[in-house]
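Sharing a structure, written as structure tokens. Questions coming.
A, B, C, D and E label the chains in the order they appear, each numbered from 1.
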Amino acid sequence: MANTLLSLAEKTFIVHGVDDNYRTDGRNRSEYRPMEVETKVLPHTSGSARLRLANTDILVGVKAEVDTPYPDNPNEGKLEFFVDCSANATPAFEGKGGDNLGTEISNTLTLAYQSSHVLDLTTLCILPQQKCWKLYVDVLILQCDGNLFDAVALAVKAALYSAQIPKVTTATLDGGKADIQLSDDPFDCVKLDVGSFPVLVTLCKNFTFIQIGENCVVDPTSEEEECSAASIVVAVMPNGRITSVVKTGYGSLQPSTLVKTLELAKDIGIKLNAGIMNALKEEDELGSQREIFGFLK
Amino acid sequence: MQNQLETTEEEECVLRPMNCELNQLSRPDGSAMFMQGDTVVVAGVYGPIEAKLQKMMHDRATVETMFSPAKGPPCVDDRAKETVIRETCEAVLLTALHPGMAISINVQELQDSGGLLACAINAACLALIISSISMKFTVAAVSCMIDRESGKLIVDPDSTQIQQARVTFTYVFEGIKKDLVSCHTTGRFSENELMESLEKCRAASQNIFDFYRNIVEQYAIKL
Amino acid sequence: MASQYKTIHPVKYLRDYLAQDIRPDGREFLRFRSASVNVGAISQADSSAIFKIGSTTVVCGIKAELAAPKADTPNCGYLIPNVELSPLCSPKFRPGPPSDQAQVASKTIDDILINSSALDLTDLCVCIDKLVWVLYCDLICIDYDGSVTDACLGALVAALKSLTLPEVQHNPETGAIVVDTSDRKPFPLKSLPVSTTFAIFDEQLLLADPTDEEESLAKGKLCLVIDGPELCGLYKPGGIPISQELLSKSLEKSKKRADLIRKVIEAAVTN
Amino acid sequence: MSGQDLVSDQGLRVDGRRANELRQIRVRMGVFGQSDGSAYLEQGNTKVLAAVYGPHQPRGGGRGGNRSGTGIINCQYSMAVFSFSAGERKKRPRGDRKTQETSLQLRRAIEAIVQVELYPRSQIDVFVEVLQSDGSDYCAAVNAATLALIDAGIPIKDYSVGCTATIASMGASEEVDSKDETGSGTGIVDANHMEECTGATTLTVVALPGAPGSNYESDTDNSGLVVVAQGTGARLHLSRLEGLRQRALQGCRDTRVILDQAVRFHLTTHDPHFI
Amino acid sequence: MPFDQKRINGPEVSVPYSVYTDVNKSKSSKPKKSLHKRVDGREHKDLRKIFVKTGVISQAKGSAYIEVGITKVVCSVFDPREIPNKNEYSLQGELFCEFKYAPFACAKRRIHQQDAEEKEFSLVMQRSLEPAVCRQEFPNFQVDVYALVLDNGGSSLAAAIMCASLALADASVPMFGLVTAVSAGFYKDTMFLDLTVEEEVLCNSAPAKPNPPNNHGLIMQAALPQHDQISEFFLVGSINIDCIKQAIETLTVANKNICPVVQQCLVKTVLRALKRKEQEKN
């Protein structure tokens, strides 16, 4: 993201490469770059994860707080996404510079998690109309090298996977006032069922001034993003259902292309979901004594 | 420097005693602290100064006004007062003399015991006189009310009297023909009541103009 | 040609017209534009009105909600009028918090309503010290072409006049509230204030019901609020001084105008 | 815990440290590939990331750019919304008064060591992100920023090192205890969040401690200069200030040694051309 | 409600009276009814009647008004102005869209400031319209588009997009073609076109039995029907891919069907403008 300036010739080079299914970093169109994920990097949060996708670096912290439910949905808890684009990623994000991008990503996440198929908010309710859990999912973007949406969604899923919400031992209504007690034992906690949490798949349609074919690439680098007129961000659940579709960029698509793109997104999304779950399970197997590297590695 | 002049009883005047201190503030180009009874307002004028790019007008000066209430941040009510003060001052000033410039008038309420708007306008007018910006005419503001029970017309009421008011009027007159510059009312009233109050206030405004003259004279002598 | 002339020299353009004793839109000096009102067009609001004066358009929508009253006025409801001069209605306005102009307009409308005593806030009381109605009256200007205060007040009064409120059963002991939406009662409006705006030009020239173009070039503005035989507001925020005759003339004109507007609103509401 | 017992009778603090003992400092330089310089620093549980961009052409041409003969240092201090250790969540990462003030203080600390006159018409950006806050955040930020500057290869005069010294507040009338026998001042260094919250007086010092061995007291030398000093908490008797200052300066010198080692280690392992 | 210095403020807490009515109880019977036949008597794939008009705001460069069923939206477009707070030269002009519900437009009162949903819809509007506007014609300038929903009877985003495209055309902003937009919703296996508010609420909530998972969700598709291009596709919910394919097909046809209505309106606008020009000449 930092200072991506491309000439027309460079753009044409990238686009032609994509057409021949050979990208500047040697990948083919539907290949992801290497990823690294580590959970529980922030011991003071309920759940956290750091994900690196090439140079894109995402840190997610989840905090659970006790709150009162909305009057219109008294049986539901709350889930809130906040994306902060740190100036560490690029000086352009200084001050309020990253706010627009941050809002766009957090909105997309909100849409992706909106359906009750994904996360049944009633499970976050403690006492109807009185108390519920509010999950703050705070994303910090430390470095961008393209494909923020996918990286953020993966990191969020990993962080939510690692999240531990304290168990509520007693919840009683005492004269209209709620009285709840949380378990004192820090290991006595509830984990979220991430089985149906979606990931985002960004399919970037590359063309500069001359439209070439209808090929799209997954996991675009920031250079490839620069050449794209339109991207489709699709939220795919592990079972292949789609929970949100958002188009970004200024271009338009033909209906047939859109259908193809969505099908491709579904296939990739299923694989990606499986991949991240595998990685997380592997990490789990290392046990609770594993060393946490964080940024020291 | 302190200038004092109180309206005497024999005029059977209707206005509360007035008191004024001129150019007490060092930063503004002209300032006045004006008291009418217990109502106290400070006004300061800066200008003509360079205008902000967005507000600049090529054919005349922009007039900016800030009205700050005694406590708390300004709200919608204060914005309305601010507008009356600004538009009145705009009518007073020869804005065409300073194209592309800005004249900024800051009014701070110190205490309100009735007739705040009138007092603020008078203070602003005095500050403008002292700042020696060219003016078309001077203005004087007079407030009055009609009592709820007796139906009596009271000029320049204080805050306890206003509690009993059915109607209140605030008029601003110019100094030459005593024509009406600004007007603000609250409550329901008939046409006759309007005309009657207008006449009474017009007559009373002469006191304020006299006060201006006296105080500025004293100020000039002391200089 | 005319439009270029207007852009380059707006002041002279208008002055040329006025010198010919006519206004740019073909009206005489003291002629008003036609006014129309449409009531109840918005299905989601409790009551609504669209008021047009010439091309100036204001939409008023009222939403009624329930709340606890203020401690010092336990038997009074709330009426919250807010004027929105959004960037939609004129290039003069920018997105963001309300401009000074919008704030002053809100305040003026609020003042007029209180001064005219057109509505009794105690009529909004459901249960003393416990529950009262809050009427959120949002006035949105759709087209800003002068005399917006007049249009706002017209829209608000028309909307209030057609407002009905559902019956509320409040049990003071348990605090239980039941609202019966099938049984709606009209809200009593005691009077019908009408405001009229005039623009004042040099040499005591009075223009009734100015357009935005005239308003922005005028040397002063005068706004009279008439309610039946009485006045409930006379607003002249600065501008060039006016003589006594001018005041009397505008008073007379605005009385006639008020009668007409009142008829228009009443006709629209009874239909 | 009351303000009186920051140090127990056995001479130990809440986390088991001695009064003049720093928390464990762990450092990694060059964590980011895209910035010109970056560093990650842990001081106990306080974790900070710093990135440096520049020197480059100043942005924001609207403000007239930088026509002066010296470079501008532009700093932003921001705290991740999840950075607070104790339960609550921060509303906004930056833009509030406290972070803005800290940004300004950070700039002062950086301006003291960068030779701005080498970079006319240019700008150097220093961004610091606090990932976890557990006391002495500002000092950690200064230390991390210094390391990031070194990583970016920007010539500096000395390490700019921050350290806090905290002393329990006492009644004004109470007799001032004389200097510690060791002569290294009074109070505890590098307070953590718990210790900061006791209502004790904290002196935050940013200093250029100079290389070990150089005499910090001599006025001819730049070393030992205090760049930023800030006191918070309860009032302090003037006579106790010197002891507190000494303690904080000693902390700075100790920190400098650790940072210096880390830099040398980084350069020898990552840059074969070094030495 | 937070205190706003620049507005007249009401009480801190107030509750819409609909909370206390008994209507909520009868809600459960609704879905079954509308699954077979819709409340307003339409077939599942029928659109509501559309009324469009241009030139409704005298002060704007271009403006339009649209009514879809009871949904009412006004939109205005202003002269290009320099992009505020921008230093570099931008080769392509920009489109600034603001989508706002009037405070009284929805069942629940809205606050005056834009909320998250409105901001999101503003972005969707911008993305739908951008492909249709020849932005290279006004480099370094920005065209402001404001849409205001006066009455929300469902599908107000789609209505706003169409309205905005008409307003842009009315303002003589160079465009590649008109933008139309249609919304669709899924509940179980039923697809509705051109949703009402009740149907929007229904499609937003997941059907009771999650196993096997049932479809539910909303789709909004904006298109340039003259060029057979989709300019924006906005989906929320949980829908399987086959149903989405089916929806894209149906929506593409629906968009093509709406196009003549909008075109007709533009023809009228042009004729009116020509007439006015002639009058000015005489």
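Quick note on the criterion: a residue touches a chain if its C-beta (ideal position, glycine included) is under 8 Å from a C-beta of that chain, and two chains touch if they have at least 3 such contacts.
Remember, predicted model here, so these are calculated numbers, not experimental data.
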Between subunit A and subunit B, how many steps is the shortest route if every step has to go to a touching chain? 2
When I count C-beta pairs in contact, which pair ends up with more: A-E or C-E? C-E
Going by the average position of its CA atoms, which chain sits the greatest distance from subunit C? D
So which chain ends up in the middle if you average the CA atoms? E
Farthest chain from subunit B, going by the mean of C-alpha atoms per chain? A
Just give me the whole-number Å value for how far the CA centre of subunit A lies from that of subunit C. 49
Whole-Å separation of chain centres (CA-atom averages), subunit B against subunit C: 28
Per the C-alpha centroid definition, the whole-Å distance linking subunit B and subunit E comes out as 51
Can you pull out the residues of subunit D that are in contact with at least two other chains? 59
Multi-partner residues in subunit E (2 or more other chains touched) are 6-8, 15
Residues of subunit C that contact two or more other chains, please. 103, 106-107
Seen from subunit C, its contact residues with subunit B in the complex are 100, 103-104, 106-108, 111, 114-117, 220, 227, 229-244, 247, 251
Complex interface listing, subunit A residues touching subunit E: 71-72, 103-104, 107, 110-111, 114-118, 232, 237, 239-255, 258-259, 262-263, 266
Subunit E touches which residues of subunit B in the complex? 73-76, 79
For subunit E, which residues are in contact with subunit B within the complex? 5-8
Under the stated contact criterion, what part of subunit D meets subunit A in this complex? 26, 28, 31-35, 38, 40, 42, 45, 47, 49-51, 53, 59, 74, 76, 78, 80-82, 84-85, 87-89, 93-95, 125, 127, 129, 131-132
